[in-house]
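As written, the chain order gives the labels A, B, C, D, E and F, with residue 1 at the start of each chain.
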């Protein structure tokens, strides 16, 4: 663990080369981190907060985070979805400590200020004092002290929220092509939650996005993907970005486990590796077309995963410049039969903190942070596939990462 | 014995039998920990019966009845595939684990199996780092006698630690 | 055996008796840990004799002969009141504990009681946090056989950890 | 645990509204923290360091802290009390590592510079060199290298110290009304130490003062206080501040466990809760008048507690912006009989890290820090009981907290 | 039993013998931990045979066959010198240790000695600090019966923790 | 653990008195730390990275650090020594995770960029794309993306490296007198590695240098050294510095365990202490002359130790302002016989994290950091032996520490 050398504040200027050069101080500088929270997560973005299946009935709630900012997602008595900060309007208590549950109202434990399921302040004990003594001043108005409520957008079971007053509707924010991939996974069927996995990864949160927006590494790092043909450079593949560059999707179709002229460059391909129990990977075709993998990243905090039949959201929660939490929510559809659920659960062995594929990624992200920390003034190189951010029909490119940083620079004014 | 766990059905059980059995199970757990910490990981599947399952599952899923596991092994083949990942395919930084398994309790003795539970803590040492707590939790296991050995028929490892410090390569 | 603790008065003691007794005490400690970690906390008082005391005390007070405890229970009623606090009255963040009790030693065997000591470590997992060491220390206990069970007559838990990480709700 | 967003240093300006609005950056900003150590704890304040009963005889010493600054309290050969920094004048070693003990002198382990019990440097090995070689230069004068000694004030067994050269005598510093409450608890009888408890609480140290200066929460948060009538809004109560606002006392008289028209607003009141062993709370009247609770807070680092018969000092030791240690010293009086001591020890179950009352407080302080950290630019609201810092004869007020921040702003020049 | 460690040569061993022996060894380890944590450190050498060795060695040296130890005691005299350092000569901050020794395994039973292994974790508490993991590792020991007691003839403590948090005064 | 009060950045000015006063902010300030990494460790200095015995054959490598910057030392196919950063030129991955080993090349796990043993980039998978799609732009040149290679200097089995382009040869950098002591220990015989010890010491890295450059403490702190006469003020001794003051050597000859007129000032001398097993200390004469101890410190990161027959390098790896790692590599010579090796191993009981001598030092360094942290504006006093940095033939002096800070101020421009 190298200590970040973040002393020289004067030099926080993006390299002249542009988005195919990434300055390493963005991964370690505490001021950059604070600015990200303020400008990105509290800024004009739609942030993932959860799934409606997690708040199925009136009174259901779950804790969540936008950036590292604690929020609560609720379903109110009218069935409406609400997101508000998990911070009492009185003196700041994080009142909701339970991961998930149901409630009629939220009572802050400190002085029992009481909020309804929409975050409205509805009760302040001793507001009028006691025996004509004390209490709130006449000017005190409950309406001035509601929890900070966020804008909420929901589509097909996925809930987003924003601190910003002004921002385009979710659909416009996603853009046409991203919406298409979104709707492929979230097609309107009710979702069924299969469970959670959580990791604390000792690297900057942006390295997670780089990782998922980087199809180049998949054919090289992941023995499992390469060997069993799950995601490989020689499969039919594509990279798609929205117009701003901030969102993207990596798309691929499963191939075979066979050596080709192309596997020559994939050093970790194992032609003769066999699973002892092949059930682990047995695929079922469930989506239209040949595509079996879509990894979609939506700015600024969520990844939507389809890898064969294992489906999940991966929610990124930054924890300072050098760490982030990754919350995985695995799901299927309400109409899945038992066998389908079992298949999803089995394939989940590929993903998460112990996943045959994901282990590689989370470890390599740690290696990245460890490599970067001592070199704030050095730069990463993003030239695979050229310098642009265009859509392409292959995966030998870093264009989606370049797209991410194109938008990041705008959002951060860097 | 009200304070014992509710699932226990050992009314017919002779106390000394339970103690003797516990001694044998403690040996099983000690060998198991040794295999994961210092032994040859390829022997890990040998601790299981031919028909077996192994599940490492976050406490929140277990408590809420959600089926998703951190590691789900439905057969001995899965165990062998996990070994292959540890040895050959997964990329991960060098590490040393130390399993502390305590409080082994026999919770059921039946004709063809016993059930037992225990607490575990795993400490992890990485290169250029001090030793840290990695994971804690408990086992809920079903053990059978097969091929002259006590072996796990069902092994359920429930981890308290919801946030796993980065990745978990070697089973618990 | 000079290296044994000075308070031991087991000269008349048959070695195997001590070992057998230790086995039974280990079961007691394992059930006790299970009760605190995963069981029903309302069974905690059942681990104690009718006339009993429980003291959780910082090592500095114990070593200097200062009487103040972290938790002082002078009767079974106190134990039940502690349970009520854990279940009903105290406000605290969700947490999972994991007790590791090791090194159980029988230090005295008398006609109507035995004394035993053991080490403990408690790991704590909180929401959105990794698992951390919470507390470590040792037990010095007097155990009796009452209503068909081994039960604590006096339980003294001395915690090394002088600085408690925030609050301690559930007994040790 | 949210990471504090402390990037935007430019905005460290107190809200225009004044002391009924508390900006959240004061709880998380590292520069504010350093300034507090320099201006408050090293400034013109009398800081608690211990009790004379802890240093009963010549040669007795104890480690202590003023802010997070390590000091030592000693009793010298003349019976005098001395406080000096726990930092060798040579090269900074924290020479006193033992919590408490007795010594004839302090020998720094590194080069054995030796200090007497008043902190005077009395020996420097090899000062004259050896065999006419080396040693200190001629100009070296022991008198230039004594330990930094603090001003000391003692009253009725309680020892305070100050880094400042100029400050009013302790009695004047406390002010008339605070002195009265102080003298009620420390009435000149010799104290008997019953023992210690220590906690590391993951919140800013000021939240501890807010908590104890806040009688409003007691009737709402603490089931034990409300239910058993130990401290409740409908008991005869008062809040007293000194003239500056920095010190305060919350005063109350025990009531009954009964539902009244007033308990209606105390959601956590449990009319039918009974102790299984009532000895825990059995009170003994020992102080004049009906008052059974006085919680006194003396700027900048100490709380004096009387809750029925459990008496303690609570010493606040900041550990960075996000944590503080709380050192509890429980005491009785030398003339307590055994039964009285037992009663104090039993009632101690209410207090400390496992206390039926104090658990609630330390947990809620953690919730506060967790809620606040992500919102440096938000503000807490302190309007209960109005906007002023007056004394009142009820507890439905936050006036003592406002008083604290009134003085804090002056001390910090904020 | 392939999953047992390769060095085991207990084919002639009656299973119950091994269990009984383990019970006695567990007592030895428990007393040993007690001596280091709370007992009189001057009794530490009493846990060793007259002709004995004690080595605390970093895992990297052990694994690579490098002979350097963290503590190397080639005779009982060395043990006594270590005690003297702990008690009289070394300068160190006050601390409390807590040894958790788990998973005791008998790995060899011979006519004149037995071999055993176990895991250890040591927690350390310092003044004004919370309790932290100090060290983890394993013992590989040879034990003999001498003067009526089980005693260590060779004790090898291999610490996983390559980076020691500051200094290590008291043996493991 | 006191939190450092590092708020007042304006006052970072060295005391006017000069190098016999050390301002305490140099031990705790994060900006000073970052500046040290940039100006010292990445600056014009020869940094220790390892021994050639650790990389005995072509393909041998070991991880190492310069400051806290991760590097790799390799022996290439031609037998040449190479040092390069452990940070992939692509996107920063710390590719070498193994402490030591052998390799034909280094393959970064992320995208398998491949470097030869000299750090040259020799392969980029999919550089030309796949099926005419993707790949690196035409302008991409492997030669622009080699690992950052450092200058390397080796002498008698010890390897140094530098980030600087311009700096004097190692021998000149060491200076004449230092070279002599260096060559005494590293006399050209092949070294034999005996093993490693590692500590994380919770103090600033400069306190390690102060400790080893400080012969004054040895006669006072270390019972073992004093009592057994291993290093004592009344032994024939000397302190030598290079011309810049940055390097130094403390030299001494073993004396007897006897009380003299001089031991009077050594409070910890134990005239009657005896080893139970004297083998621990049994010395063998192996170097010319009477000198039995040479502790040499070479700027900026290494200590060479001869204490009787125990020989080691102590490599200092800073880990933020408040901690450093100390990596001990014990060695003998290839021509040592078994008995000689055994003697070295026994005497190693004096050193390292559990060493009879070194325990004292590492503990006292922790005490120093704990004492210093709360007093950034205070100063340490370095007047023993006067104010200068001259060579002397005794050890009652702090001149070598003054020399260190004389050069430190230049290097840091403070």
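Everything below uses one rule, namely that contacts are C-beta pairs under 8 Å (C-beta built on N, C-alpha and C of every residue); 3 or more make two chains touch, one makes a residue touch a chain.
From a predicted model like this one, the values you see are computed outputs, not experimental measurements.
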Partner chains shared by chain A and chain F (touch criterion as defined above):
B, D
Far-end chain from chain E, centres as C-alpha averages
A
Farthest chain from chain C by C-alpha centroid distance is chain F
Please tell me whether A-C or A-D has the greater number of C-beta pairs in contact.
A-D
How far is the middle of chain D from the middle of chain F, if each middle is the mean of its Cα atoms, in Å?
43
Where the CA atoms of chain C average out and where those of chain D average out, how many Å apart are those spots?
32
Euclidean distance of C-alpha centroids - chain B vs chain E, Å
26
Could you say which residues in chain E touch two or more other chains, in rising order?
23, 91, 93, 100, 102, 121, 127-130, 133, 162-163, 165
Taking each residue of chain A in turn, which ones touch at least two of the other chains?
1, 97, 99, 109, 200, 221, 268, 325, 360, 364, 367
Determine which chains touch and list them pairwise.
A-B, A-C, A-D, A-F, B-C, B-E, B-F, C-D, C-E, D-E, D-F, E-F
Can you tell me which positions in chain C touch chain B when the two form their complex?
20, 23-24, 26-27, 29-31, 33-35, 37-39, 43, 46-47, 96, 98-102, 121, 123, 125, 127-133, 148-149
Which positions of chain D touch chain A when the two form their complex?
1-8, 22, 24, 210, 216-217, 219-221, 233-234, 262, 265-268, 360, 364, 367-368, 370-372, 374-375, 378, 380-387, 392-397
Chain C-touching residues of chain D, taken from the complex the two chains share
1, 99-100, 193-202, 221, 223-224, 227, 268, 270, 273, 275-280, 325, 330, 341, 345-346, 348-349, 352-354, 356, 358-360, 362-364, 366-367
Chain C partner contacts - residues on chain B that touch it in the complex
1-5, 15, 18-19, 22-23, 59, 100, 102-105, 117, 119, 121, 133-138, 160-163, 165
In their shared complex, at which residues does chain C touch chain D?
56, 58, 60-61, 64, 66-72, 74-81, 84-85, 88-93, 128-129, 162-169
